[in-house]
Amino acid sequence: MGRETEIRARYSETDQMGIIYHANYFSWFEIGRTDFLRQMGMSYRGMEEKNILLPVIDVGCKYIIAAKYDDEIIIKTRITQLKGVKIQFNYELYRKNDNILLAEGHTLHAFVDKSLKPINFRKKHKDIWESLNKNLE
Amino acid sequence: MGRETEIRARYSETDQMGIIYHANYFSWFEIGRTDFLRQMGMSYRGMEEKNILLPVIDVGCKYIIAAKYDDEIIIKTRITQLKGVKIQFNYELYRKNDNILLAEGHTLHAFVDKSLKPINFRKKHKDIWESLNKNLE
Amino acid sequence: MGRETEIRARYSETDQMGIIYHANYFSWFEIGRTDFLRQMGMSYRGMEEKNILLPVIDVGCKYIIAAKYDDEIIIKTRITQLKGVKIQFNYELYRKNDNILLAEGHTLHAFVDKSLKPINFRKKHKDIWESLNKNLE
Amino acid sequence: MGRETEIRARYSETDQMGIIYHANYFSWFEIGRTDFLRQMGMSYRGMEEKNILLPVIDVGCKYIIAAKYDDEIIIKTRITQLKGVKIQFNYELYRKNDNILLAEGHTLHAFVDKSLKPINFRKKHKDIWESLNKNLE
């Protein structure tokens, strides 16, 4: 049930090693994550407007082959965990022209409100919870 | 009455040309600007907490010599304009080890509140206005 | 002869004012610029591989209405100057859903080689020069 | 044998949640790492000039309390692994004013040359290896 998003690596994302600076993979993951929600018919922007925020509480990334400027990248995103106050997404980044896996990672999020206090998401937003749960692998 | 702030160019700020990516000079200007206020005894963080925001409405930068990774940079900041709803800062960036001018630029800001509506700063915050005005060149 | 490119504002590009951080408009301009070249059948990546670099030597931007997270943005890019060692691009950013102008700016570039020395582009790369010149407004 | 580096959270590093965007912790780790080397009398800039690069191959970060704009942050950096072709750094981020742990993470690096090929660092750069090894915990 993974969903795919395509981006192109930006010049501003490179570093002087001639590759994409490693921290930028996490903003790519964020693009995969919000596009995943959009493809489900949800909107992270809309969630924030309803006072649901998803700050990151744990991340990891394994870098296999360096992405380079102008590479077209496919981000494959999946939901791999969904509990009362937490959701985890996993990501794989592929180089489009040869379908090689460049990196894989995860981000774990808490459901909180604007004051950054945890919310029992399953209870308070049952409909959204169930949509997410259908996409859990 | 310019004030000086020192920073060191970060690896994350480089691009594959082997120099500091040009957009990052504006976050350096921001550091000069907030440090300018701090040296005056003010705090931009505190201003935002009092519902005074300074979004940027016009910027410019002239790049003379490229800053490189690990360069120590001196940011010289001045206030060059202060009107009812606007303030302008000018910046010069020097490479510390040889005191060469690398770039110069400006940022023009509006005084607004959190809803991004303009505020008559001079009237509503007379004390801060006067401190800023003493630093106007 | 302006060309258009569409992007979507990223969460990573916001700041705590709730808008897109101003420096990020310059990486959007860069996307417009490289996509302009791509639409002409050229590739900035390919130019760098041929030892042609386009470092930025002057920029400016006027911010009219703040772009926000998840906004779809249309970047309109034009070439407005082309001289022996310099090229200038101008940009307009429109919010797609209501076609409102959010910002406009320019970037001026030098043609240099990898050692950052100026090259007489018109002479050395006549074919590319002429393509660019056809797009000059 | 951990070493400490102090930074101040930048406005450009915030996001619209009102906290420091999570990916930016990795550029803070990079500052801790290069400052660690500097405190040892080494320079990462110098290493790159000697054709030794340290691309990142695995990272992780656990976020405990959100860092905010203008926070003074202490980065505690240690070397926790040193093998033939790999080095790992661990990091803890503390908020200076109350000494609270905000986050902890790691970065694992390969020793490679400019063509991104692994080098047997221990053999080729024995002196640097031994300095690093003395700092291994």
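To keep things simple, chains are lettered A, B, C and D as they appear, and every chain counts its residues starting from 1.
Just so we're on the same page, contacts are C-beta pairs under 8 Å (C-beta built on N, C-alpha and C of every residue); 3 or more make two chains touch, one makes a residue touch a chain.
Keep in mind that what you see is a predicted model, and the values were worked out from it rather than measured.
Write down the chain pair with more C-beta contact pairs when C-D is set against B-C.
Here the pair linked by more C-beta pairs in contact is B-C.
Name the chain whose C-alpha centroid is farthest from the C-alpha centroid of subunit B.
Greatest centre separation from subunit B goes to chain A.
List the centre-to-centre spacing of subunit A and subunit C in whole Å, with centres computed as mean CA coordinates.
The answer is 28 Å.
What's the distance between the Cα centroids of subunit C and subunit D, rounded to whole Å?
Whole-Å distance between the two chain centres: 33.
Subunit B to subunit C: how many Å between their CA centres?
Spacing between the chain centres: roughly 24 Å.
Multi-chain contacts only, two chains or more: what residues does subunit B have there?
11-12, 16-17, 19, 23, 26-27, 30, 69
In their shared complex, at which residues does subunit A touch subunit D?
Result: residues 16-17, 19, 22-24, 26-27, 30, 48, 53, 55-63, 66, 107, 116 of subunit A touch subunit D.
Please give the residue numbers of subunit D that touch subunit C in the complex, ascending.
Residues in contact with subunit C: 11-12, 14-19, 21, 23, 69.
Which residues, counting only subunit B, touch subunit D once they are in their complex?
Its residues touching subunit D are 10-12, 26-27, 30-31, 34, 43-45, 69-70.
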